[in-house]
Amino acid sequence: MSKAPALELIDIHKTFTDVEVLKGISLKAYDGDVISILGSSGSGKSTFLRCINLLENPTKGEIIFNGESLKLTSSGRDLAAADMKQLTKMRQQIGFVFQSFNLWPHMTVLQNVMEGPSHVLKRPKHEVMDYAEHLLNKVGIADKKHMYPNQLSGGQQQRVAIARTLAMDPQVILFDEPTSALDPELVGEVLGVMRKLAEEGRTMLIVTHEMSFAKEVSSEVVFLHKGVVEEKGTPDKVFNSPDSERCRTFLSSTY
Amino acid sequence: MSKAPALELIDIHKTFTDVEVLKGISLKAYDGDVISILGSSGSGKSTFLRCINLLENPTKGEIIFNGESLKLTSSGRDLAAADMKQLTKMRQQIGFVFQSFNLWPHMTVLQNVMEGPSHVLKRPKHEVMDYAEHLLNKVGIADKKHMYPNQLSGGQQQRVAIARTLAMDPQVILFDEPTSALDPELVGEVLGVMRKLAEEGRTMLIVTHEMSFAKEVSSEVVFLHKGVVEEKGTPDKVFNSPDSERCRTFLSSTY
Amino acid sequence: MDFSVVVEYFPRLLEGAWVSVQLVALSVVLGALVALPIALARISQNWWIKGFPYAYIFFFRGTPLLVQIFLVYYGASQFDVVRESFLWPILREPYWCAIIAFTLNTSAYTAEIFRGAIQAIPEGEVEACKVVGMTKAQMYRRVLLPRAFGIVLPAYGNEIILMLKGSALASTITILDLTGMARTIIARTYTPIEIFLAAGGIYLAISMVIIAIFRQVEKRQNRYLGTVSIKVPDKG
Amino acid sequence: MIDLHGFGDQLLQGALITVELAMASLGVGLVLGLLGAAAKLSSIAPLRWLATIYTTIVRGIPELLTVLIIYFGATIVLMAIASQFGYDDYIEVGPFTAGVTALGLTFGAYATEVFRGALQSIPKGQHEAATALGMGAFRKFQRIILPQVWRVALPGLGNLFLVLLKDTALVSIVGLDDIMRKANIAVSSTKQPFLFYATAAIMYLLLTIISMVVVTWLEKRASRGMRRG
Amino acid sequence: QETIRFATEGAFAPFNYMDNTGKPVGFDVDIAHALCKDLKAKCEIVTQDWDGLIPGLKVHKYDAIIASMSITPEREKVVAFTNKYYSGGVRFMGLVGKNFNLKDLSGKTIGAQRATVAAQYLEDHYGKTANIKLYDNQDNVYLDLESGRLDIVLSDELPTYNWLKTSGKGGKFEFKGKAFLKTDRIGIAVRKGDTKLKDQLNKAIKDIRENGTYQKINAKYFPFSIY
């Protein structure tokens, strides 16, 4: 592991109005890492993930992607991107999968998946189409490609959202509780797809409440509590012999 | 048990547009019975409960309340009440508690509870008021009586709804997933109230997903599946040695 | 431009404004009374009952108010039967013709607002009435109408302002409302811009007052009501 | 057939003018509405104020007065402006131009609110999904937001168009030869007010029906895939 | 070739009204054409509601108003007039058989067109005692007289004379009392300062009076001279 990390976050802080939600979080993700982020509700998991690609502006901290530090400038109390071009480029290489899918309802499944590569990366249309169909096949909903998102179940929508993210060929993918808006029966579908991605060696940061899934696929598990990293290590370590009392109680109550 | 049942449903059918949701359900409830109705989502539990007091018009079937059969007449494909007076009277004696409370937002808590007895049953106002306060006390929210529903938490609203139902002194109370719109922390409050009612010997039909509650308070458990009664019996029988395979998988997945 | 004419004629503009306010107040109140039964009939599932309100609403919302005024004022009086009827003492007065046209017009819009409000009441609240054994009449009296009046407020406030603006058309049938007064003044002074702007300013002020009043009333409503919004029907 | 005393052709010509006026005002109004909404949601305070002043004034003044003020006032204002640039000739603001301006301004003021509501109704997640994909602000607006805004705004805009259609009648007062004025002329010459005003009413109703059909069709088209099933 | 843009009203028969192709016609229009012909100018005739005529002239919507407009001191403050092209005068009219004390019309409903000499006369002399109703155009005054909303109307004598002769209700209405304000002169209004046009028009009026064109037009509408 002498290689530089694909993504490195250094001392990320975030204050909303008057509450400090993130109190200095650092994390390194090397190529192929699958890092699960656990923590109780309100511990700051989503906020942290959203700070990585500046969906939320951090109050303090540094974001290094592929050895290149994201240029930040202060804007009010927070930091904002100093170079929109750089940010946009970085975003194109970091995928984000939302809890609530956020598919575009006015486009068919196929159009949703093709939108990024063809209109942002401006790749030739037929090439994009082939690739999109390949991805839809991979997540198992090729047959729904001409349907609109609202005609799909939650699990299907989330799989489309994953395909949409994959279509950009991102180097790192961030998942924010990708299954928690789904009915219990549908969770499996989506976890299955994510398991496949992990096996392929994709670099992923996953906020999740699915403990057994996290335990199984992660190379590293991070437990957040009240805005700090309370525990961190291999799944075996974190799940079976955590140092932190907090982590222990949390795991025992939900796992 | 040589007495006639308080409420008897015979061969209730219901077809929506082109799907037969209830395929002939029968059920007897004697005074003091607490019958829990279980089943996966879409199995027809709510539809069945709503057919009992004709919130939904059944397509076929008979409803007998205190030995008196509800007069039905066909209206389109469905059956509708033939005698509105009879229906209204029956409804006054069968309480219904909704999943989403359905309090009247323009009335205070006290007014909500008093509305039925004073304006439907036309009981004298001060008598009604005393009784309403007694009931609010019983469900534990006497101190909120002058507030409006929107100022209360879900659990509090549901308790008001129960008090509103009790205020009519119904002979039978139907509950349709009374806790499933509540945050987990608030569920306990409402189940507590219902447990008290069961202990008092109220006749209740309860659609619920709270298995341990159902197991504990029911005199009988009915498991619906795809519009038919798939399993039925004492809680012990249904939970511990169900005949039906379906019932077994359902219970193992949720219980 | 010479705004001294505005100063000179301001009192007369205010006289006109007072007439406008009367016209609006009267037609809005009468309109609401007419609207209620129409809205209730319109909600019915039965075509025999909802047919007339449907056509009524469609006609008055689908044609310009200007046409409606002319139909009432000049159109009706063309017929001897009308002129010989007991209604003539009312119909001969432009003031009452305006009130009639405005009332018919605003009642069609108000009926739609009422209907929207009644239908915006969550189904569950209606079912809650049914399960305590309320009759239909009790349900309307105790829950649906009181609820609807709360929901209706914002849209109804809008309708009053639209009616205020529509009332400018009273000037076309010899009424000296604010616009009529302005036009009469202009006939003497030949300063249309100045006087029309002044009249516009007065209309603006009146609508501000109406808005302010409704804000207050709504605030009191919102004490207990969650916000339920309904589609505001159009106006012309 | 009803006997229109030879004024049938005239009324039809009037209908044509009414439609032209409505369509032209619609174009102007849509542009103003989008600009107004953008201004109201802008982070630049003066723009917000400007938009608020615009909508407040226009929505508080009777359309009839707006028409009259523009008809008599626009020329003066325009000529005053033009003379600043050394252009002293007469600038014609005919009834049609005045009508389009007045009705366009009115439509725009109401449309501002419709567009604003529609813009705000687009869930934040829709913006974020585009942002996370690396879309720039303009592309996001064009590809993701606007198509959804149309769908939400259409019913509101449809209503406003029906209002606009009826407001065209007011322009007859400054001499535009629309349905209403043709009817007035026919009344003058035939003394049959009921006949001609009723005919005018029916013509407006027909136009209303046609507009409603078109709007419904547009709504259906715009909401493809938006409903379940 | 020069163009003169005339505005007229189109609801004041027989002086100006609309035919059923939507074109303005009548005495005023004929005179306008005759004047243009005399001046070898192109004639353009537009219509405009009565109370918008002078405002419209002021903002250059047209160059002259030929709409049976009386030359009055008030109007002369804002526009200039040519010499008269006919003579006016006003007269009451009402239902046959109904008698009025024209000195005292208190309690009566009197109609007139807004912003006319007649309207001003009513406001000045009967404003305090009678109920005066002012209409956007003369046709509506007649309509309301027929419907019975008005007891009596005051308007220019000549158009009323024409209406009494031609209206379908012939014979039901008649003049009341004598014509007055007989010194009333009807002229063409132009913008103040537009003296060139005014002089041209004055010359043309004189020309058509002399070459007989005027008399021909006059005869088309009235069996007596209205000059």
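By letter and in written order, the chains are A, B, C, D and E; residue numbering begins at 1 in each of them.
Criterion: a contact is a pair of C-beta atoms (placed from the backbone, for glycine too) under 8 Å apart; a residue touches a chain by one contact, two chains touch by 3 or more.
Here the structure is a predicted model, which is why all the values come from computation and not from measurement.
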(message) Treat touching chains as neighbours: how many steps, at the fewest, connect chain C to chain E?
(response) 1
(request) Indicate the lowest number of steps between chain A and chain E, counting one step per move to a touching chain. (result) 2
(message) Out of every possible chain pairing, which has the most C-beta contacts?
(response) C-D
(message) How big is the rotation relating chain A to chain B when the fit is done on Cα atoms? Please round to the nearest 5 degrees.
(response) 170
(message) On a CA-centroid basis, which chain has its centre farthest from chain B's?
(response) E
(request) Could you work out which chain's C-alpha centre is the most distant one from the centre of chain A? (result) E
(message) Quick check: how many Å separate the C-alpha centres of chain C and chain D?
(response) 22
(message) Rounded to a whole Å, what is the gap between the Cα centroids of chain B and chain D?
(response) 53
(request) Starting from the mean Cα coordinates of chain A and chain B, work out the distance between those two points in Å. (result) 43
(message) I'd like to verify one number: the distance from the centre of chain B to the centre of chain E, where each centre is the average of its C-alpha atoms, in whole angstrom.
(response) 82
(request) Hunt down the residues of chain C that sit against at least two other chains at once, touch-wise. (result) 74, 77-78, 172, 192
(request) Going through chain D residue by residue, note those that touch at least 2 other chains and give them in order. (result) 72, 76, 173, 187, 191, 193
(request) Enumerate the contact residues on chain C facing chain B in the complex. (result) 122, 124-125, 127-128, 130-135, 138, 142-143, 146-147, 150, 223-226
(message) Touching residues of chain A toward chain D in the complex: what are they?
(response) 53, 55, 84, 88-92, 94-96, 98, 100-106, 108, 115-116, 119-120, 147-151, 161, 164-165, 168
(request) Going by the contact rule at the top, pick out the chain D residues touching chain A in the complex. (result) 123, 125-126, 128-136, 139, 143-144, 147-148, 151, 224-229
(request) In the complex, go through chain E and note every residue touching chain D. (result) 10-11, 17-22, 46-49, 52, 55-56, 59-61, 137, 139, 142-143, 146, 167-168
(message) Going by the contact rule set out above, which residues of chain E touch chain C in the complex?
(response) 51-52, 54-55, 58, 74-75, 78, 114-115, 119-120, 133-136, 140, 143-144, 147-149
